[in-house]
């Protein structure tokens, strides 16, 4: 685990924090959704870097899965943000 | 040698992602924020995956890294589009610095249609 | 690192329990989810952490040399995650139906069945 | 027998010849096959298969370049204190008709930072795009139409002679 | 530890003895069917078996007389010391004869008394259950068997007292009787078990041989106290006497049979049975004797002021029971003989008088002695029976009652003035009651009553006359029963064989003079009953035990309601709060006070980015609790999930991470789906409760941290995972060990897991569909 | 591989799956369901005889050597519990045929019923702690859905409380499991027992006791002991009678089974502390249950509180920790399962005939249905401990065990609580049966059956209560063997670790 890799991981985690800040502060919901999506791709990054760090290609499978399903959450949110009103009147 | 390049690529990718995150925080409104984050994040992942492919210098790993890149490149625009459209239509305020907004008032919420009469050329 | 994770687990449990004690039905569900994260992390941490080496025998080697993560808690947590997912999904449907029949998500209104 | 199919057959036969079907080996078979077909391209019925491949490569290069450039611009903007962007929502009259073409265009616009497709009008005549650096709306419109749309349409339409 | 209770003596050959008891119980189950068949004649038919049992018991008398009592024993549950064993010795036979004899008459009497009542079949069923269990109680050799029948009599008496269950008072009286007697029963169980531990056996015959061992053992005091309590509740002794008068709600045959002749005497019988083993200490003397005397006086006094026939008889029965207890308490052989005689005599005359009261009630519709008078010309036979029984109760010479009073007075004189005074007062009240119940209604001027009285049907007056003539017969020729019945019973009660010859005439001695004087004063009292009743007898002690019983019952109900409202508040968060406080308190206390706490050792080094990740998770969890918008909460929950998955990655668990990511995204989507249709978060709870909740949550979280820290500090045994690692490839043919464990080594878990998912799917489908369907169903297809 | 061990799990699963297919063919569903329960009963009887004849049966799932695979173990106690599950399963299934409405049957009542039985039998038979957690979850999940099946408001509220508290308990169970694995490195109960008993952990023994406490709380919630029982009275009276009868009979008993299994096999290091705590909990549970029952005025709420009170007796048996006491606990569990399920079935009929669960409005059943009255008397008086019914022997054995270990206060409480139980039972009897009251006109039941069809399962269970009472000799000897087996774990360990294919 040479120093360079650690710095990269540090940067990525820092990016995670920043995204988290946006997620917390994000005035509107779409802002939070974007942050969550960003988190997804950041995680892919972290996993990939870690895979290299530990010379374990097995982690890449996780990255593949995450890359694919990460955006599902975002699309779900988007669908609902746009929908706005309730599908049927409140009980 | 390949080791060195891959480390640098990883670092570069990480930096780009950091930029995306900073963009995420600094940008005034949702749409501009989205630009910086989704695009550069995708680039970041691309670079990291390149670094990974180089680091392992094994064909299978390379294919997997390529797969990740392809997936990211194919899913991010879709999610970007969805979010942008949703944000815009749900009335998220644009940055006051936006010069013009030709889509304003064209969306009819109940029939979900967007009138498309041609403007200039 | 177990020390840090111990505090993370404690934090998760605390947040989960705090949410459980709230009057809203939805916060209850979030609390349950937080607590199950805490529990899974607990099982993972208590069974000794080893950094990096996944318990997977890669293609070229036939036996796994020592410093690898303990596979059993991972199997347990996997089962636990899936089970708690099933239960959470049911709890969500139940919360939805309860809200429809009671009209509010305030748990204090739901005491007709008690003495 | 479209040349592309022929090329695949050649690659597979190469694999069979060399006895290992490792993907890397197949790739070399494919390149060799492409070279062979290129030499005898006149014998086959005319198709722009060969022109096409070259076009794809050039387009990918253009795209990557465009991506890098835009990223740098955004990066610059993000790092410097003030905001330099002039965001705008502009409507671009569409020449692209089929779903495939519109999708390709949307992908291209979305992926090059600085522009995000907001929506397409119900009658598919106009595409609304939010752009970051667009001091002049019409200039931006032209740039996207010329840069992105022309290339994509040429790429997609060029090969399908049958389609109008 | 079961060696202590050696089984009963071997010679359990007379099967018929057990059959006697079981057959009566069997008849009880057949009764409803029989009654439906027999109609009005049911009383006579059902009486056949009890009569047969009486005759069989009489045939056993000679055996008991020469000390070889018929016995029977089969093991029921030897490990628990319970044997289905009977032994018909003198005392048991005397009591059993009383039960079956009076029982036969009551069965016949009930046929007439309850003719046409729709619930007659239920009445007979429970009456026969009672008779069977009383017989069992009388003849039981095993103490636990005695306890079994003891409780059965309680439940049958509940059913019989509450016969007219439409009436609220009857139900309340039945409940009161059952609670007190059954409560006494359970106390008896504890007493008997302690006695068993002291004496080393649960069989009466062997137990009574170790009386000195028992007296010396530490269990003696608690055992005696408990047994006394039980006997006092059953035999309506002083603090627990109030249930007997209230039990008069029962129909008269029940009052006759249960609440004068047999059930209430069970306690006295038990004391007599255990006397040889337990008496001789002053605890016994003052405990039994003292309470007996008190009850005798109280019962006698209260009897004087009653106007209802049955309550009057009830209080005088309480007094008679007090006298019996007093005699047993005194414990001398002479006293025990007097007790045995009084037992028989009281059974006869009190039974008859109760039947008379029933006849009067049946004919005239009222039991108030003020409205009864001059009925002799109309109900001659009943009057004669009543007269004889009253004379026997008053203790006039030719009757058997005189002999028993004579003996009681002789015993009283032996024990000094106080006892004599008390017994005399009781005698006075007996005479008074005899006059009021036996003579009052039939002489004097005729009063108007609701129903025009005429002679009772034969089934009713038969019982009265038989009992009355028996009192007369035994009075004139006491020899008939003294040898075969009374002396074996007395010797059983005393512990060693004694022969007792009864004689009507003991010559003129102080006891005789006293009894004549009591009769005289008694008749004087009877004559002056009007002014007596209006004047002196007005004062009554309002805060008696009955008042305490009602208070206790009311208080218990109020306490129960308050406690339940406090605990079972209906607020889910209070439930979870108690749960958390208990769990944290219990586990925390154990961890820290029993030195479970330990500092972690051999932990991996700390990397800054992992700390950052941990901090991110904590921050996200914190945000999830604080943020107002629910979808933001879901998003931060998603972040927690991602963080945890990354930790799984960092520590080498790819499969886990993949599953966690998948599940996390799915959960986020589900939460969004569900939360969209649910209302916004609103700040509901007050600040104070929020601070309290934070406190509890932090405590629980802290405890978990402590547990994890101390668990990582200690490694007792190496994990068994090495086996899995070695055999995953060769045996499991898989490279990913975690997967191999899941699908092969621990596949059973995965099967369960999939079942849970399947059920959850059904559950969600049911919850969503059924709601929609039920709406449409209400209007849609009917049931 | 002794197949008898596997049958009690496989049969309910197959029946559950089969009934799932015939969603709209109700008659077939009912037939298959009943056949399933009969098969389960037969299998459990065979298992009991097998275990009785040749000792504890153990089988390793998948044939993996002892501590590594998941073992299925049937000792006498486990076999008896499976038998009881079979008995109650059949009785309630027969009762449900006439009492469950058509709509619930179309929405998967029978499959859920059998999955619950599968979970219960799995929990009784498994020899691995994590597998016990999985079976707990199967059982709980099925019970959650059964509780919410029908969807009216009362059910929803009850279900929420039931689900919330049970999920918290499962989370605690899981954490305790994690800690235990962290310390002992294995989850196989026999292996754990061996490791903890052979050379008990030297440093920080308190940690093992702390984890034991966590187990006690987790199982305590499921067994509804004091102060963790609040979910039971809030939720047991909301679902239909058949469902709450099944819950009353089996669910809490699985918690008790788990407590007994764990505290006689694994946590034996600090019995002075843990088991005296159990005694205190037992006493408090007894009292709080019966006090709660006295304050209720609905038929099934009284019964729910009484469940809690009687759980106290079983925990008392465990707390006393002598062979006789454990035999008493086993016997009491058996007696209570049958009697309590029966009472809930009776409450279903009473509510059906009286039209309402409130005691104030009920009445007149003694005259109208004397057979029902008698069938109510048998289980209720058995629970009070009136001889010669099974309750008496259960209480007798516990009182004797208590006296032998000088726990006089506890024995006094046990007897006192019996009286208060009697008080509640008499309240039920006086209000519902003796008090004159109007009877709802519904005498004909769904599918045209009259009340008699409802009484067959009740009569069956009442008969069992009486038979257990009369046959107490041999049965208690059987319970004593089970008690002895529980008292020295080495037999269990030898059967699982030593033998086993």
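So that you can tell them apart, the chains are marked A, B, C, D, E and F in the order they are listed, and the count of residues begins at 1 in each.
Following the convention adopted for this analysis, contacts are C-beta pairs under 8 Å (C-beta built on N, C-alpha and C of every residue); 3 or more make two chains touch, one makes a residue touch a chain.
Just so you know, these numbers come straight off a predicted model, no measurement behind them.
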Exercise. Chains touching chain B and chain F alike, please list them.
Key: none
Quiz prompt | Most remote chain, CA-based centroid, reference being chain E | solution = D
Self-check item: Pair of chains joined by more contacts [C-beta pairs], E-F or C-F
Solution: E-F
Quiz item: Between chain B and chain C, what's the gap in Å when you average each chain's C-alpha atoms?
Solution: 32
Quiz prompt | Mean-CA-position distance for chain E and chain C (Å) | solution = 50
Quiz item: Rounded to the nearest whole Å, what is the centre-to-centre distance of chain B and chain E, using the mean of the C-alpha atoms as each centre?
Solution: 80
Exercise. Return the residues of chain B touching two or more other chains; collapse runs of consecutive numbers into ranges.
Key: 22, 34, 42, 76, 85, 89
Self-check item: Residue list for chain E, restricted to those that touch at least two other chains
Solution: 564-565, 568, 570, 572, 576, 607, 650, 652, 654, 673, 677, 679, 704, 708, 711-712, 715, 719-721, 724, 736, 746, 749, 752-753, 756, 759-760, 763, 767, 771
Quiz prompt | For chain F, residues contacting two or more additional chains | solution = 130, 134, 137, 141, 144-145, 148, 151, 160-161, 164, 168, 175, 179, 181-182, 233-234, 292, 295-296
Quiz item: Which chains touch which?
Solution: A-B, A-C, A-E, B-D, C-E, C-F, E-F
Practice problem: Enumerate the contact residues on chain E facing chain C in the complex. | Solution: 564-565, 568-573, 576-577, 580, 600, 603-607, 610-611, 614, 617-618, 621-622, 624-625, 630, 633-634, 637, 640-641, 644, 647-648, 650-656, 659-660, 663, 666-667, 670-671, 673-675, 677-679, 681-682, 684-685, 693-694, 696-698, 700-705, 708-709, 711-712, 715, 719-721, 724-726, 728-729, 735-738, 741-742, 746, 749-750, 752-753, 756-757, 759-761, 763-764, 767-768, 771
Practice problem: Could you pull out which chain F residues touch chain E in their complex? | Solution: 13, 20, 61-62, 64-65, 67-70, 101-103, 107-108, 111-112, 115, 118-119, 122, 126, 128, 130-131, 134-135, 137-138, 141-142, 144-145, 148-151, 160-161, 164-165, 168, 172, 175, 179, 181-186, 191, 195, 201, 203-214, 216-217, 221, 227-228, 230-231, 233-234, 270, 273, 277, 288, 291-296, 322, 324, 327, 366-367, 370, 381, 384-388, 392-393, 396-397, 399-400, 403-404, 411-412, 415-416, 418-420, 422-423, 426, 430, 433-436, 446, 472-473, 476-477, 480
Quiz item: Contact residues on chain A for chain B in the complex?
Solution: 2, 4-5, 7-9, 11-12, 14-16, 18-19, 21-22, 28, 30-31, 33-35, 37-38, 41-42, 44-45, 48-49, 51-52, 55, 57, 60-61, 63-64, 67-68, 70-71, 74-75, 77-79, 81-82, 84
Practice problem: Under the touch definition given earlier, write down the residues of chain C that touch chain E in their complex. | Solution: 1-30, 33-34, 37-38, 40-42, 44-59, 62-64, 68-72, 74-79, 81-83, 85-90, 92-97, 99-101, 104-108, 110-115
Quiz item: Once bound in the complex, which stretches of chain A touch chain C?
Solution: 53-54, 56-59, 91
